[in-house]
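I've put the structures underneath this note.
The same chain A turns up in both complexes below, where it pairs with chain B and then with chain C.
And then the complex of A and B:
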């Protein structure tokens, strides 16, 4: 039981990092990234391709952390003058483009067969790394949120023109946010690869992007602690319903469907009765010196 | 409202704790992982039912050493992470020595990695990636490798005097494996593959893919596939007027869309065991338990998986390492619903009995066997 709990906590920590990454993009800056799974996949694949190529493990990790922000900048470049609806389409397309390339070009990373990564056998170590990463991501998220940068990001989110009239270049801020958050998501992807021990295109679907979105919307966009709790609730709901399913004694195929229905129902109820999220962003009033 | 949601969360957690009912001491628990939701659900459910039929049969005959088999079926949602969660729960919480699993190679390999590290047993009933051979002593396959069946399929088509074919398969390890093996054998016999289509699974329409096949004008089609996708493919082919014969790997797992159009058109190489006495008994048990529901070939693989596992456990008990060591002996002389099972030293099935079957008047008929 303990090792299962350790595994579940590891998964929660990994997806919480993804949620914080999306929170900085969407919750704080208003960037509608429907390709949040892309940096995650790049991180995981960098490690996998690195192992196939026989380079040292740290080089693969480094490659993932560098490649994801670079790809991020490349992806948002065509969207720089567009509104957020286009931003959503471009990021969604980029995520799928990457996945389908990995699926259809087996010479890169095994195609549908995927790549085996040397799995982290020690679960405590995996949990330690995941929690360590979460703490770092959270501190980065809090530092951005609380500082002048976070205030300017929120100005951009609310009114881009206002930000420009203050002499700030919104695109420069968006690029900064993209670099930081895509590297963060890549780190989560790298760890995911090592925890699962195997990566294939099926692990990086659009539905996984929306899992992160659900966590952010559920927790409350704009609040780092909120989105972490959102991610934790989602994973715990998914895990705990497995035990409920077994305990109910109903036929397994019926229960499997009911499980997903309960999952959906809880989310619908949450959104109906608490659309601003569990921990909504609070209004802050500050003077010109930021106090 | 915040308090209410907190209460709901606590309630959910409490329910979860209540769910961890201790397993009775006289039970032997065995795990089953299948994609009960998500893609390819029907075939998965059928496999799980096959395991259930075997469990019923063994329990009725007194269980394993007097202990009753209890199955714990977990859903993989056809997602790698969920499959891993299910496997971690089964191995760590439910303490099962072995898991019988249905799912694609992207799920199976991830679970095999875990099973290998934990020193547990995994029985594969559905996946045929060559990578599965990397887990000797951990993973054992009931399903034969694609290249064996694909090769026979290619030879069979060439014998029919056909010169050009197109391959239409799902873009996954199974589909590509069949296309490669069958295509190579067909070419070796002097044929030509004029078009290779590997379609993305789960699409609502495949007209663009099928149009390219029509344009290549092959004399026949080599195919592999299953479930709703195969139905959609057939529908699109029929609408585009592609009236050529279909030669398939495991035609019996296809879902035929239009009986009249498909009559006499679909044939191929399938597992040959089903028509033996064990296969017939499994079919009868299925019809008794789920009357009115059409069974698929997957029930036989699920059935054999548990029978083989139970045979090993009857000899050595519940220690996973001992089970893994005993399994290769347990299959010797065993003739199951999918015929006699022979494994190579990696635990991969070789020399499966194969049948040639044809779709006639709404059902498949065996027209020959391959020795």
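And then the complex of A and C:
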């Protein structure tokens, strides 16, 4: 039971990092990234491919952290003059393209069989690393959110013509956000690979992107602590459905689909009754009367 | 300082501007008047990089402005307001003001994470300016409220404040007096003169002829996309063509 709790906390921390990454993109900047799983997958696969190729472990990690933001820039560049609908489609497509390539070209990373990574044997160490990564991601997210950059990102989210009128190039800001958040998601993916010890295309589905989106919408777009809590709730819900499957004797893929239906329901309810999320974005209150 | 020469704009088959020209000198306040739909906002939009004209030139300080690049034009020191106020609705009044300031170190990743001192210093300086401007606009008591909750007139004033945070050399104002109460209009007139005395140039689109007369050095009249007259406010009021096309029109 203790070992399961440690594992669950590790997974919660990893997906919380994903939620913070998406929060900076969507919650603060208004970027509709439906391919949030892509940088995560790139991080994990960089480690896997690195092991297959026999390069040192740190080189694989470094490759993942560098490759994900670069791919991010490549993906969003064609979307620079387009609306957010187009942005959503192109990121969704890019994520699937990557997964299908890994699935169908076994020479890269084992195809459907995937790659085995020497997994972190010490579960406490894994938890420590995951929590450490979450703390770093949270501090980065807060520094952006509370500072002048976050302020301008929100102006871009509200009205990009206004941002341009103030002399800012909205695309340059989106590129900054993409570099930071895709590297963050890649770090989560790298750790995920080492924790699970095995990487295959089935680990990086559109439904995983869906989980991160649900966490952000549930927790509160624009609020870092909110989306972390959102991720924690959903991961706990997820793992408990797994217990439910064992206990109820229902087939596990039925339960997995039920879990998706529950996420969908959470989304609909939030949109209808609490679009600002459980923990709404805060506004800095300044003491201006004293002056 | 600002030169617009023979600018033509077409929306589909509709000719919104026909060879329209105007100049705004350094430290000058120039008015642009004309009936509804005559092309005033369209002309401001061409100057500000929103629309690309079919033909014509737009120059600031003798150098062409980047046509169709809103951010590029702003970077040259041109600030503008919109006929319908544009604000970051869900941000506070104060954050809207702070966003107006240009060249902020805290928007660069390197400075944000590695030079917190520089960022804090710039923030402090901008905060002091924001407070001073909000005071002048009588909006300081709203500083912590969201911009979207301001009244229409207050939103107009706030867009003006955001513009001033950017410290532009030349301001294009689209109907700054519409929906603003007469007392505040008088304050605005005084305010615009103050800005002019600081060396800024201003181009104002406005239907309120009283405001135009009290603040403008020169006035242009646009009718159906063509400039039909230019002169001092008094000359314009006396011009027959203008009376026929515009002033004579029942309001």
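Brief remarks follow.
Rule of thumb we're sticking to: the second predicted complex is superposed on the first by the 248 of 291 C-alpha atoms of A that agree within 3 Å, B and C clash if a C-alpha of one lies under 4 Å from a C-alpha of the other, contacts with A are read in each partner's own complex, and residues count from 1 in each chain.
Just so we're on the same page, a residue touches a chain if its C-beta (ideal position, glycine included) is under 8 Å from a C-beta of that chain, and two chains touch if they have at least 3 such contacts.
Quick caveat: nothing in here was measured; it's all calculated off a predicted structure.
Look at A:236: by the touch rule set out above, it reaches chain B but stays clear of chain C.
With both complexes placed on chain A, chain A has more residues touched by B than by the other of chain B and chain C.
When the two structures are aligned on the shared chain, A:196 is found in touch with chain B, with no touch to chain C.
In the superposed model, A:21 makes contact with neither chain B nor chain C.
Judged by the touch definition given at the top, the superposed model places A:113 against chain B, while chain C stays out of reach.
With both structures placed on the common chain, the touch criterion links A:266 to chain B but leaves chain C unconnected.
Applying the stated contact rule after C-alpha superposition, one finds that A:176 touches chain C and leaves chain B untouched.
In the superposition on chain A, none of the residues of chain A is touched both by chain B in one structure and by chain C in the other.
Residues 140, 143-144, 147-149, 151-152, 154-155, 158-159, 161-170, 173, 176, 180, 281, 283-286, 288-289, 291 of chain A are the ones that touch chain C when the two sit in their complex.
Across the interface of their complex, chain A is touched by residues 1-2, 5, 8-9, 12-13, 15-21, 32, 34, 36-37, 41, 45, 48, 72-75, 77-82, 84-86, 88-89, 92-93, 104-107, 109-110, 113-114, 117, 129-131, 134, 171-173, 176, 198, 200 of chain B. Against chain A, the residues of chain C that register as touching in their complex are 48, 50, 70-71, 74-75, 79-80, 86-92, 94-96, 98-100, 102, 104-109, 112-113, 119, 122-123, 127-128, 131, 134, 140-141, 143-144, 146, 162, 166. Interface residues of chain A facing chain B in the complex, by the touch rule stated above, are 1, 3-4, 7-8, 11, 100, 103-104, 111-114, 116, 119, 121, 196-198, 200-203, 233, 236-248, 252-253, 256-257, 259-260, 266, 270, 273-274, 278.
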